[in-house]
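Can you read through this structure? Questions will come right after.
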Amino acid sequence: MQELKTGTKELMQFYDCDEMREYFRKKDKSLRNKLTTVSEAVKNLINDGEYIAVGGFGGVRIPTAILHEIVRQRKKNLGLSGHTATHDFQILVAGECINRCDIAYIIGLEARGLSPNARRAVESGKIKIVEWTNAALAWRYKAAAMGVPFLPARNMMGTDVFKYSAAKEIECPFTGKKLVAYPALHPDVGIIHVHRADIYGNCQIDGIQIADQEMARASKKVIITTEQIVPTEQIRNDPTRTIIPYYLVDAVIEVPFGSYPGNMPYLYYSDEEHLKEWLEVEKDPQKFKEFLDKNIYGVKDFYEYIEVNGGLKKLHKLMQIEKLIIQGR
Amino acid sequence: MQELKTGTKELMQFYDCDEMREYFRKKDKSLRNKLTTVSEAVKNLINDGEYIAVGGFGGVRIPTAILHEIVRQRKKNLGLSGHTATHDFQILVAGECINRCDIAYIIGLEARGLSPNARRAVESGKIKIVEWTNAALAWRYKAAAMGVPFLPARNMMGTDVFKYSAAKEIECPFTGKKLVAYPALHPDVGIIHVHRADIYGNCQIDGIQIADQEMARASKKVIITTEQIVPTEQIRNDPTRTIIPYYLVDAVIEVPFGSYPGNMPYLYYSDEEHLKEWLEVEKDPQKFKEFLDKNIYGVKDFYEYIEVNGGLKKLHKLMQIEKLIIQGR
Amino acid sequence: MSAYNSMELMICVASRFLENGATVVVGTGAPCAAAMLAQKMHAPNLMAFFEAGAFAPILPTMPISVGDSRTFYKALMASGMLETMEACQKGMVDYCFLGGAQIDMYGNLNSSMIGTDYDHPKVRFPGSGGANDLASLTWRTMVITPQDSRRFVEKVDFITSPGYLTGKGARERAGLPRGSGPYKVITNLGVLGFDEETCRMRIESVHPGYSIDDIKKNTGFELLLAKKITETAKPTEEELRVLREEVDPYRYIIGRA
Amino acid sequence: MSAYNSMELMICVASRFLENGATVVVGTGAPCAAAMLAQKMHAPNLMAFFEAGAFAPILPTMPISVGDSRTFYKALMASGMLETMEACQKGMVDYCFLGGAQIDMYGNLNSSMIGTDYDHPKVRFPGSGGANDLASLTWRTMVITPQDSRRFVEKVDFITSPGYLTGKGARERAGLPRGSGPYKVITNLGVLGFDEETCRMRIESVHPGYSIDDIKKNTGFELLLAKKITETAKPTEEELRVLREEVDPYRYIIGRA
């Protein structure tokens, strides 16, 4: 028998699978119109202290309008699943909305560099963190989506990521092999931006889905923003394409260009100028405060945010970059 | 600590996950033309004694041409994953090709009744069986597809299905709950019929995929029959739709109407007359022998099999039934 | 009031248990007809999953397989088998419908074999398919079955799908999800439920023209009696019309009685 | 022979290790450029996975995120993150490319933090992302990194991605897949590999213009020497042309040197 280790950190978000069954049993699964507004969705579905998960990949297919509204409504003490959380993390930290995070990748914006403000917040200890990896968090969603309390895997063992996680080692009942066990992760609220949804919340995504298929199935509540609302007939004409079925969803909001300044595959590329501006102004807290007033606190909705950053002309350029008509990346 | 039970049957197909890693490492993953014929694929890729899995759902999207060829080439002592194995099971039993089966659902053809011949074979003990369920076998594929030696679940416990299986009970490391552990199932050969594939084996399926996504990823070798070969450009123009990537696949054969007499969603319905004939003639071993000669042993390929059963006129009718133009089911 | 056959009665009775907004995994045959009838009568928002991966189709006609193309005709999602099974495992699905060759007083079902020696069965049936999965993982198992004492037995030869196993608390002790189990058994003679204290089968309503004694005589174990036993309401004209004209116009199912 | 900068050299050298028919998970930056260069030079059948779910794209330009739309442009499959990770876990993927703030003699990588107190790091970095996953689950980890003794350290402050941990057999004892581990470390000074007996880092080739001593001086631990140490072959004219004209015409990556 091998020595089995256990991570030293406490599990910050875990529901017993029988409790979750009770919850999902009671969830209203009727086919009802769930159209609402960004501000209503955030007000009604996201409570201070809850644990949220953000779809997409940090700067790709992100629900920016919801993230800004969380900041604008000054939500506090949220938990976050930091599954490649880049610009999404940056926004939530800017608003001082989160106090704990299961991390796989935070602070950075991939090739763009690191967020000075997010780094300060994490290094100061204002945000309590527990270590995981991208696959680990995705498998944690998958366990929750499957309705089991854990899933086994073969990574993370032997490293400090395991040591500062809340994972456990187990022994395989068939092979005797040492495996890592990942506890199911049920976010209180999952927030996802998609290409198409109907008014009930049946959703289609074009291109990679990252971990959103699993995350939507794992979350207690799901908020969908969508590039466009389509008739349910369109969903029914191609049901193979449905990636999130309506009964998981609590709110649907049509937000054209809703992933801006993130990339929306097949539609528009990320606004690299604006993302660079974020990283730049964060170096100076005063400038950053003015920047947030201008871009988030001082604008009344997502249209105005886009307007402030170049409006239709900017969007047109990002569409042309996405379609490889003009150069950029 | 709870008492943990274990199924009483022996695991008939299990590979250690590190052995499978070595196997998959060596598998040729280059993008090469895999077009071949039904008879070559069966000759080269299915060996006596190997363990096979059949895609689709017994009488829906089944690779009939391959199944007939297995019978025609008189393959022996095959193992089978009986994941809702209906007409597929019936064909393989008719050819006396299988000697063991992990069963979820066998012998029956759902609402159509039971196969007298398959029943005789199982009741006589000629086919050794081990009990599972549809979900259990699908989760076994999924474990293999994920590269882990087992997956936990919450069904089968407390029943005789568990007792006569090779599953084990385990205790959840996070909740202390009793769970069932399903060992990974790596078929030696997975055989799947799809709507569209390119010459390399990139496949699309319209409508439900049953458990083929998992099974293709679990199998050591994969044989694809497809209604049509499409240019790779078509795959690349909609990569969201790819359900089986080429590197899993060993052989691709274009077999139009390849699921006949099974249903092929969106294209043609099952041939209920012919399936009824199967069930009827099986009652009389002599008549059944003649029937098999006529339909399998005595025909040289799949075109001829369809010809014997009504040819284009029959196919046209099944297409009209599928499209709800004429009544039938 | 029109005449009706026992299949029509069972389907109508079953359909009434399916409330609007509920979720159900249906098979082929009577359960599918019951779900369709419920949708057309009182439960337009009853959502049907099929075991092979379909969700919320607009069924154009009766499927012959739980995986055939009818099951995802104009569906909201055509996914895979584990999508359905995992929705059940997560507690998303209220009902399933099962049958079997034998059922005992705890609602345990046998669809595997007759005989006492596993390796030499007297009669071999198909096995679980998805039945064990649905009986384990949905909240409430419903059974539609003809009633006779060879089918309603003291002890099933093989437990394929778990009812309450050996009685109250046994499912949970076995590891099955908390609070799930058999709900109603709808036969040609009446409706049977389960006593909350003992988890044993009890008579809850008797179909018109039959008596409590008829039910007891056709049952191979001792049945409990609900506190109040009612007479089953007959199928209404409207139920029969919808069932015959819209749900099963070709009498695939209702022609079997 | 053209002049070349160190980034161009590292990309060319890395690309030569990627044989035709191999599978690789690539990130953004130099690894992506190395994979593209290999495909255009000698390995048209080199198949690239991206961590967020893309497989075998025809990259039109350098992606800035491993999840952005470039990564599945004209791809053969656009799936999800676990599709890639599980392909790795199954043993389907030969190579991954990683970097880090620190690396030790066993190829353990740190991309999490500098400092000794986890809760009060001196400097906090992004963390694993998918790095630990790829280092654990692909067969061979490749590293492209500038070489200096603050980066090549005796002991990393935090093991984010497993190298050979504490030496031979340690990965397997920890539970990681058998036979996997670090393969090559490509720096601006040379190519380092790993000794088969001790799993310690060793010098295998030295880039033109540098010496074994230059490499040793820029390394904070004792390096072993391969039996035969060669001089790295310079980038060829054709490699440089393809890299500059086809792979990275806007000098996103090669402009960083």
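For reference, chains read A, B, C and D in written order, and residue numbers begin at 1 within each chain.
Everything that follows uses one rule, which is that a contact is a pair of C-beta atoms (placed from the backbone, for glycine too) under 8 Å apart; a residue touches a chain by one contact, two chains touch by 3 or more.
Everything quoted here is computed from the prediction, not taken from an experiment.
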- Please work out which of A-D and A-C is bridged by more C-beta pairs in contact, and write that pair. A-D
- From the C-alpha centre of chain C to that of chain D, how far is it in Å? 57
- Report, in whole Å, the distance between the mean C-alpha point of chain A and the mean C-alpha point of chain D. 28
- Message: Between chain B and chain D, what distance separates the C-alpha centroids? Give it in angstrom.
- Response: 40
- Task: Please set out, as single numbers or ranges, the residues of chain B touching at least two other chains.
- Result: 17-18, 146-148, 153-154, 177, 179, 207, 239-240
- Task: Give the residues of chain D that touch two or more other chains, as numbers and ranges in rising order.
- Result: 54, 72, 78-79, 82, 89, 137, 177
- Query: Drawing the touching chains as a network, do you get a line, a ring, a star, a complete graph or other?
  - Reply: other
- According to the definition of touch, which chains form touching pairs? A-B, A-C, A-D, B-C, B-D
- For the chain A and chain D complex, residues of the former touching the latter: 56-60, 82, 84, 86, 103-108, 110-112, 114, 119, 122-123, 125, 131-136, 138-139, 142, 153-161, 164, 169, 177-180, 207-214, 263-266, 269-270, 272, 322, 324, 327, 329
- Query: Where on chain C is chain A touching in the complex?
  - Reply: 20-23, 45, 47, 54-56, 58, 72, 74-79, 82, 86, 88-92, 94, 137, 139, 177-179
- Query: Mind pulling up the chain B residues that touch chain A in the complex?
  - Reply: 11, 14, 16-18, 146-154, 168, 170, 172-175, 177, 179, 181, 183, 205-207, 239-241
- Task: Using the touch definition up top, name the residues of chain C that touch chain B in the complex.
- Result: 28-29, 51-54, 60-72, 78-82, 85, 89, 108, 112, 118-121, 123-133, 136-137, 158-162, 165, 170-171, 174-177, 250, 252
- Query: What does chain A use to touch chain C in their complex?
  - Reply: 17-18, 20-25, 27-31, 145-148, 202, 217, 232, 235-237, 239-240, 242, 245-247
